[in-house]
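Letters A, B, C and D mark the chains as written, and numbering starts fresh at 1 in each.
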Amino acid sequence: MRARVTVYPRPEILDPQGKAIHQALGRIGIEGVEKVRAGKSFEIDLSHQDPEEATKVLERICQKLLANTVVEDYEVELLPGGAG
Amino acid sequence: MKAGVIVFPGSNCDHDVYHVFRHVLGQEVEFLWHQEEDLASCDLVVLPGGFSYGDYLRSGALAALSPVMAAVQRHAERGGLVLGICNGFQILLEAGLLPGALVPNRSLRFECRDVWLRVERTDLPFTSGYKDRDVVRIPVAHMDGNFQASASTLDDLEDSNQVVFRYVDESGAVSSAANPNGSARNIAGLTNAEGNVLGMMPHPERCVEELLGNTDGLALFSGLIRETVGILQQEVAS
Amino acid sequence: MTPDLVASHGLTEDEYGNLCDLLGREPTFTELGVTSALWSEHCSYKSSKVYLREFPTEGPRVLQGPGENAGVVDVGYGWVAVFKMESHNHPSFIEPYQGAATGVGGILRDVFTMGARPVACMDALRFGAVDAPRMRHLVDGVVRGIGGYGNCVGIPTVGGETGFHPSYNGNILVNAFALGLARKEKIFHARASGAGNPVLYAGSRTGRDGIHGATMASESFDAESEAKRPTVQVGDPFMEKVLIEACLEAMGTDAIVAIQDMGAAGLTSTSFEMAGRGGVGLHLELDRIPLREEGLSPYEIMLSESQERMLLVAKRGREEALFEIFEKWGLEVAQIGSLTETGKAVIHSKGQVVAEIPVGPLTDQAPMYRRPVSVPADLEARQVAPEVPLPENPSQALKDMLCSPELASREWIWRQYDHTVRSNTVVGPGGDAALLRMKGTPQGLALTCDVNPIYCSLDPRRGGAQAVAEAVRNLACVGAEPVGLTDCLNFGNPENPEVSWQFRECVRGISDGCRALEVPVISGNVSFYNENEGQSIYPTPTVAMVGVVPKVENHPSSGFVDPGDRVILLGTDHREFGGAAYLRLLYDLEQGRPPEVDLEREGHLARLLRSGVDQGILKTAHDLSEGGLAVALAEACFSRLRGARLKFSGGVLDLFSESQARAVVGVDGSQVDGFLDLADRFGVPAEDLGEVGGSDLHIETEEASLILDVQELYKEWSTALPRALGM
Amino acid sequence: MRARVTVYPRPEILDPQGKAIHQALGRIGIEGVEKVRAGKSFEIDLSHQDPEEATKVLERICQKLLANTVVEDYEVELLPGGAG
């Protein structure tokens, strides 16, 4: 089973990287960008076959390691076609 | 007094801290491997700077899961002293021993330079060697030194006087220009409510000898030793 | 083997014929790959060897000259210094971050592989014009890469060089230097010995990274190389850090016979070099090599340049001790073969022998060429002495020069490098030479790297000698006596006779300098084929030098210290403007023969400076280099933001002349007479220029005066580089 | 219009970060994880209303800034409900 975890800085927390990218886009003349948030993405292959069980493990992984919940939010997504 | 310096895979400043205690100040000091589970013999445990586990994922995140961190937690709960410098500070935050988080510098670049710090309180063992509101010059060398926390956490920290060091200019004034990394409220170092755990981004261990051109960090260590020895003597006496 | 396949491996017909003779048959595909790597320019030094022999490589302190992973010199108190410099030019042009990062990783491995703990790095960088395509991206990536790796590994980057010139628009240079310290009796060699001893592999797994990296470094760049590009090597500095700790710990046991990292041409060069040095054979089981992905062929495994990997020969029966240490540090380790008496490298995979090559003959019969040389057709015209215009506004001229990318402060770069970790840095980047203390001794070690490619292009022999002279001078400014030199010789295509000539002349110039100033060459690296679309870079023989300071606490500053200190100019000006920054930066003119290099005078000056430091008389010492006296004086004002009131006996132009063997020093007023006597005794002309003080730099000449507000000038100078780069 | 860009190291390229995370999960006793790849995720708000035009701009942003195509692959995704 394959899953994707996405981690973003919480909205109220400073996101220096997102801001820098936004500014850089302006400098190179790309217009129409209103906001950029910079986060992390993890692709995880699990041996678990059961989506429910997989989700549980992924939750644990996020809480324990992938996200620092003081400043970050996370999202878990099971990828389609990964169920084999 | 006896200090223990934890060695995580990727610690870089372990030898520098060891050098200060052992060779500059003549104290007993030992390295503690990150799998150690018993710190009882140490009065002070230092989490040194460096790039534990490469600082992959987030600075300090992987090291915070080391077996030794449970022991550090117990040591702190017993009232033992814990000092986290740079990566050590990051690990303390990730392990939840101090509140908040350290995110990438405002410049998104590594910053290695001297900064000025104001000592916000001197009633801690860590700062007893300084005078109130002392302004000292200490080097920083980090990529992720930008301290962030929710507004309420920041207010709590201020209200309970947990901010120990703040980035200031040479005259002692807080300003954005004096802030090397964008830390909220110019926070450079903070303590827990009990005052026995200190985390700080700047490196006092790099400025304790005249030969290297700066001794402003020395008072942190010498004060710590004086205090600890004092505490020990009281314990023996009682 | 089709001729095409042979040619695509960079082997000539003759070379291929030799290989067939040596084997007595046609090679297998794996053997072809292995041989092409070993006989590549990068690994075999086939075009450079004949000249490199001219270097003086011996001296009373030299314990290991060229030929090992790094050179070794005795620095006293039972310590030895181990150092080397290496190029990572082509990878850095393709992917600046990873290219530069893995350059640092590779040179660190060369040093700790000898048993030394790395204590300092330097980086010598040459970029194109700041507005050339991709250049900002390249500068940013390279600087981040060097910092990203060095900072993480915890070795301070204490110095370097940075230049900008259109000659590098299509081929930048990234030369990485590392210095390590070891106890004299604890040096390790990469000389395999003892049939039956196991061969161990430790560190990262093998992937498809950089297959053919060595061959690529031996080819020119063009549009096609994009397509041929091997998988980019990605560095893992954390892996390197634990590898350093584990290897140093393992070297503390008596279980290691030989050890070497896997660098260019990976397992191939490491196994053949180790066996070749020891005159033994070996058999390897490729199935036992830890792989990152499945399906690597024997050919790929032998040629992979995956980073952070080591090969060890263990004492038979003692391998367990090594396994334990590597596992403690969380590293993978595997026995992948053993040494034999056959003198052959026999490589097995999936039950078959995929290569069987006699080691000695393959290394001995590596090709060696004395390539045709010819003086560049345009040299004579370029050497014609230039007209030197007087500056309209001398103060403005100085300011413009200082704020050009070429002379602007490099602080934006080195602030991104941890230069104070390990708490040994007495003088970090920003001075003439970096200075480290040696804990537990009164001594210091000084480091510098230098070369002026403009000089080298206008007169390679002089340019080579000048690089050595400048390095010696920079070391002398912190009181250090040179103990050894390493180099990184960056040139264009050696098959071009003009490039070959430049190379030969530069090597001779460096040899001249080294002989006269008594500095042995203890290690080095050659990087050819630095060109883009047929356009060669300027000859760039970067020289890195290490020196010993007997009493480190006496070191002077490169800037003015206290108001009232006297400023003294040492050396003689000959109004020399060939290749000078003044003409280049203000008038876009690169013309004339570079300044004469009088090695005898350089020797006198260096001895005087060292003596002055040793006696504790010098508070300031800063040598004159690019931009001449005016630039040197301005730089001396910057470190403590001091002004100075000076009067100079020459004309305005003399302020910008680049005559060599000169320096400015600062001494306490009470020491002036004594110091002037000392200078006289060492045969160095000296002129008392005036006094430190005030907020302006004020220089009065015979013709006109310069007045500059130091604080203001500093602000411009210190921010000019990031401004020019748009960062 | 809101979009998400995901950037991953190319499959054949060493991913030290993914490796370190994978190993850490093993150390803290989380089982069943077979592989971790660590990448980046960007959430971008655009003023463009037209999906085609937005995609074009996003492609440019990826090529110019977000991805280093020498070592990374990227993926652009327009987020549903973002079309307002």
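Convention: a contact is a pair of C-beta atoms (placed from the backbone, for glycine too) under 8 Å apart; a residue touches a chain by one contact, two chains touch by 3 or more.
Remember, predicted model here, so these are calculated numbers, not experimental data.
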| item | value |
| --- | --- |
| Selected pair, greater C-beta contact count between B-C and A-B | B-C |
| For chain A paired with chain B, centre-to-centre distance based on mean C-alpha positions, whole Å | 30 |
| Centre distance in Å when chain A and chain D are each reduced to the mean of their C-alpha atoms | 9 |
| Inter-centroid spacing, chain C versus chain A (mean Cα positions, whole Å) | 41 |
| Geometric centre distance via CA averages, chain C-chain B, whole Å | 36 |
| Of all residues in chain C, the ones touching two or more other chains | 236, 238-239, 330 |
| Residues of chain A engaged with two or more neighbouring chains | 64-66 |
| Residue numbers of chain B (touch at least two other chains) | 53-54, 56-57, 62, 65 |
| Which chain pairs touch, all of them | A-B, A-D, B-C, B-D, C-D |
| Residues of chain D defined as touching chain A within the complex | 6-8, 18, 21, 24-25, 28, 30, 32-48, 57, 60-61, 64-66 |
| Residues of chain B touching chain C in the complex | 9-13, 15-16, 19, 23, 49-51, 53-56, 109-113, 139, 141, 143, 203, 205-206, 209, 211-213 |
| Partner chain B, residues of chain A touching it in the complex | 9, 12-14, 16-17, 20, 64-66, 68, 70-71 |
| Residues of chain B touching chain A in the complex | 57-58, 61-62, 65, 93-94, 99-101, 103-106, 108, 146, 148-151, 182, 184 |
| Touch list for chain B against partner chain D, complex | 53-54, 56-57, 62, 65 |
